[in-house]
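There's a structure below that I have some questions on.
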Amino acid sequence: MINVAIVGATGYTGLELCRLLLDHPKVQIKHLYANSNSGSVFSDLYPQFKSKLDHTLEVFNATSPPSVDLLFLAVPHAQSHAYMHELYESPLRIIDLSADFRLDSSQNFEKYYNTTHQNPLLMKSIVYGIPELFSNDIKKAKCVANPGCYATSVILGLYPLFKEKLIEGTIIADSKSGASGAGRGAKVSTLFCEVSEGFSAYSTGAHRHEAEIEQILGSKVFFSPHLVPMNRGILSSLYIDLNKGLSTEQIIAMYQTYYKNCPFIILNKDRSPNTKYVSGSNNCMIHITQVKGKTVIFSVIDNLIKGAAGQAIQNMNLMYHYDESEGLPSIGHYL
Amino acid sequence: MINVAIVGATGYTGLELCRLLLDHPKVQIKHLYANSNSGSVFSDLYPQFKSKLDHTLEVFNATSPPSVDLLFLAVPHAQSHAYMHELYESPLRIIDLSADFRLDSSQNFEKYYNTTHQNPLLMKSIVYGIPELFSNDIKKAKCVANPGCYATSVILGLYPLFKEKLIEGTIIADSKSGASGAGRGAKVSTLFCEVSEGFSAYSTGAHRHEAEIEQILGSKVFFSPHLVPMNRGILSSLYIDLNKGLSTEQIIAMYQTYYKNCPFIILNKDRSPNTKYVSGSNNCMIHITQVKGKTVIFSVIDNLIKGAAGQAIQNMNLMYHYDESEGLPSIGHYL
Amino acid sequence: MINVAIVGATGYTGLELCRLLLDHPKVQIKHLYANSNSGSVFSDLYPQFKSKLDHTLEVFNATSPPSVDLLFLAVPHAQSHAYMHELYESPLRIIDLSADFRLDSSQNFEKYYNTTHQNPLLMKSIVYGIPELFSNDIKKAKCVANPGCYATSVILGLYPLFKEKLIEGTIIADSKSGASGAGRGAKVSTLFCEVSEGFSAYSTGAHRHEAEIEQILGSKVFFSPHLVPMNRGILSSLYIDLNKGLSTEQIIAMYQTYYKNCPFIILNKDRSPNTKYVSGSNNCMIHITQVKGKTVIFSVIDNLIKGAAGQAIQNMNLMYHYDESEGLPSIGHYL
Amino acid sequence: MINVAIVGATGYTGLELCRLLLDHPKVQIKHLYANSNSGSVFSDLYPQFKSKLDHTLEVFNATSPPSVDLLFLAVPHAQSHAYMHELYESPLRIIDLSADFRLDSSQNFEKYYNTTHQNPLLMKSIVYGIPELFSNDIKKAKCVANPGCYATSVILGLYPLFKEKLIEGTIIADSKSGASGAGRGAKVSTLFCEVSEGFSAYSTGAHRHEAEIEQILGSKVFFSPHLVPMNRGILSSLYIDLNKGLSTEQIIAMYQTYYKNCPFIILNKDRSPNTKYVSGSNNCMIHITQVKGKTVIFSVIDNLIKGAAGQAIQNMNLMYHYDESEGLPSIGHYL
């Protein structure tokens, strides 16, 4: 049993961490931090937690961190930088869900995030937490950088082909995400009436998750995100050319080998996946097909779970040598 | 042909005024005002107006109003108060879509709006603009207070019974509105993820439109609004007791008589109306039925059209002795 | 540990039973029946169950029922009638989620369901399964009739006041449900484009759940259901008159007493509930307020869980003397 | 003034034809046909047409067609084949919104539609009706085949580059459509609960509109359609390689030249378009950008208007030498 605290508990990722951790048999939630709502009771803001999580929200101060085992940082980018100076010296283990330590180089960070990185020395020490790829490093890590939601869907969809050096030229990643990916900040662009009954691309060729994807896949990726009028879910449609003739069956067999010990990867041979098939679960469902010489891979996740809170807990499970699936939902709610 | 200007052009009501007035054969839009976006070009904010409404947004100054015939004030409540001191002395005619001059008494206003009315003397001089009820006054009006969206749906649904003094006891008005009624301000409560896949009551017994409804209907009204995860539309379910035995047919006949010259009132004898049947139009569709001694009336409107911009244009048509329906859509878009 | 089978596994209620029972620590799912899809593999229809529930769907034959402990009948009304002749003689225990045995009298059934009841003698022997009201009978029952979703929300919202004989005159129950309540049959009226961006009343004063509500509450109920463009959730707005002056606090205190041992009833004193607060959980959240001499009670449930599959499992838990909450989600997914 | 009739009036395309034609100043709707609903009154099915379109729905018989000027066939594919034998000999002009005469060759038709073409001789005689490309032919046509919705969005988005022979290799057309594209037939896959809160690809590399696109663009097209949980709108994200270095500005200039007399094409230089910007209008909005050596073009239309009924009316306007825009909405409803 470990004690944890969550910084940024009232955003959608924080909320999802609270919900999932409450059902985790080996975790106690000790502190919830949310600067803008400090002093309020968490279950007054989210009544579904009445009598289950009645913690008062606190102001987080990195110089006097709580005495827990693990801290989840569910904060906007550029906020973990400063915290990490102190936290890295503390006995705490950390899972940082912000983007601050996902990239290896401060130049790359600064190019995509338009702000100076305040802690570049640590960038290479912090493990990029995709359990299906880097479980050995995660198990030993003091601090894990939890990947971006889009990045998770794209990287898991392409990793075996990348590792086998089979991808030729530029990858086209046409990704589509539900609105919860934009967070819970009050913005006109994510009002119900702006999102509902509309569909659009945004940040074409300039989205920040592109940096993570290219860092891991080492290829040129044309990342093209779109906003879907729904709450949860990401579908990435990945169009690639192979440098070698391979049948669909051969590719699937390769993926089966790569992911054979991965409880949350589901290869769906028969059918293109709907985000509904994974929403509410920590699964990533992948479907591969070939048409007119192109290979296309569809990869779906729940952006708040496998794309954020669930993957963070999966990382935590590895760090504490729990069963990787402990406390994580494996069947979604479909509707 | 008249020239008009719109103050508050970038909110949802202003947007709808722009769209409908552009198609009105007897109106020219001369100025668009929007303080927070002044300097921007309207069609940059709303690209659907490219090359059709490329006006630069201006700051509105009531002391030097534009030289147009009519001004639409599509501003938040408490903003028309101050404007009206100057505007009422100007040669302009005015349709005020804010709540500031809908009520007769400043006490009542202050009770519901928690702010001092700055122009109480004018309250009784300004006509409450429901064309189906007060067309004679509207035709002569210098200034019309355009009714609230909920109030329009409830008042039109009950007016004939009220006029015939047939309603007994408290009216229960259980109303449901799409999210555009909450406006285009950035608020957490109207984010896509907060509204989608959820349904709730709000402001039970304390909503501001209740004051308008009671003023017109002269009855006690228990007004109970709810938020529906959709963009447009209001359905009011109105539960009443009659002080006299009347068959459904008799009530319908009474409504037919009252509304016989009203092009936008549709009595649907056969079927309970869906908001879809009116969305995109200026219609109000009413259905009456009786069950277990209770009379229930369902009344639907498009909150942005008959509940706001469309009714304002209908009022304008009357003020200028145009055909009441001129420039107003009579068949909605259904989906 | 008990073995169960589900008849009607591919409808939305069956699907939800499968999902929840898979996570129940004391249940094994042995057979899934679905006549129209027999021969198919369940997880081919619903890929989220891949490798978790790969049962082949079977044709159900009541004359040779499976040798399990408990059978869930998640079938349309009028289908359980015939089944029950044989099943009631078998050693099986049964939870019937159809409407066939919810009512006490065949006349009442025939009035509301327009079909002859084929098994009227059993009607009084089968327990109406609201655990918060009838747990003693449920514990001993061979067969439980699982209540309707609307009925559950209305009855739980009013039961303490009814038991104390405090309700005067006709109850107005203005209820709103998400579209999953209409089931998974292919019908034009529940197509996405017919439901989305629309809101309407239906079956006013003629809905079948009215019979259950009146049977339990013994009052005249004007039941007025509406369809909300969302998947899950019911909100019932219940307007009543009391025959005695009682403060809101007194009513809340009474509800606290009545429901003090009920793990799934949440009294929310501060706030009108959103269906989001319970969706994904087995909870019923109730809020009580008084305005202008009327008492209004808002009651929300997830129609597929507390309104169907979850309540069925809660009944099963009681029948087998498990903890009432075993295997049931107590915190919903909010978005 | 011309007289028209609509075959298939009760589907979504037929409904939209009715709505738009009612507002067309030079058209009278004389007959409405709908075999499955024959005998019913159109406005009983769609109450928004009460007192505006109260025609009784008739059974269509191609051997005794109505004496009108123009017939719209809004029927499923494979139904126009047989009709056309008789209709082509009649004095009627025809706009066929089915897929039956869009392709040039019966082999191609049979490959994509899995059914024998019953009227192959006519295939080359019937004009493919994209007014921006083929207005001269349309003006003289007896019969126009109205293009598919997806095809319209893709072809308009790429036509200038195709004509200038600038496209290299396979085009990737990742298209996303609202649910109205699937029509009004009762199917499980388009139920509200199946579509809402889900996103998926479908018919990857096997969708029928691919045949039209390749026929017009003469290139290999990898067409990849997806279903969006919304009613209206298509966004096509078109990824291409050019065989020659061209700046974005040069491409835009070329498009401006090609489309300079096209009232419904809007080139949006500044911003990636949302389907909201065109929904409710007959516009196609196009945005072009270049990233990492790839050119991407976003093209949005309202699938029911520019993708179906609106384009049919635009074709009709050309056939009768009316103003191309007559009766067609140029500004959408946004929300």
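Every chain is named by a letter (A, B, C and D) in the order it is written, and numbering of its residues begins at 1.
Throughout what follows, a residue touches a chain if its C-beta (ideal position, glycine included) is under 8 Å from a C-beta of that chain, and two chains touch if they have at least 3 such contacts.
Predicted, not measured: the structure shown is a model, and the values here were computed from it.
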* Averaging each chain's C-alpha atoms to get its centre, pick out the one most distant from chain D. => C
* Structure fact -> A student comparing A-D to A-C should find more C-beta pairs in contact for A-D
* Can you check how far apart chain C and chain D are, centre to centre, with Cα atoms defining each centre and the answer in Å? => 45
* To do: Starting from the mean Cα coordinates of chain A and chain D, work out the distance between those two points in Å.
  => 39
* Once you find the CA centre of chain A and the CA centre of chain C, what distance in Å lies between them? -> 36
* Got the chain D residues that touch at least 2 other chains? -> 12, 180, 193-194, 196-197, 229-232, 273, 276, 335
* **Complex interface listing, chain B residues touching chain A** => 12, 179-180, 184-188, 190-197, 229-231
* **Footprint of chain C on chain B - complex, ascending** => 170, 172, 174, 176, 178, 193-194, 196-202, 204-206, 220, 222, 224, 226, 228-233, 235, 237, 239, 272-276, 279, 289, 291-294, 296, 298, 300, 335
* Structure fact -> chain D contacts chain B in the complex at 12, 15, 19, 22-23, 44, 46-52, 180, 196-197, 231-232, 266, 268, 270-271, 273, 276-278, 280-281, 283, 285, 304, 330-335
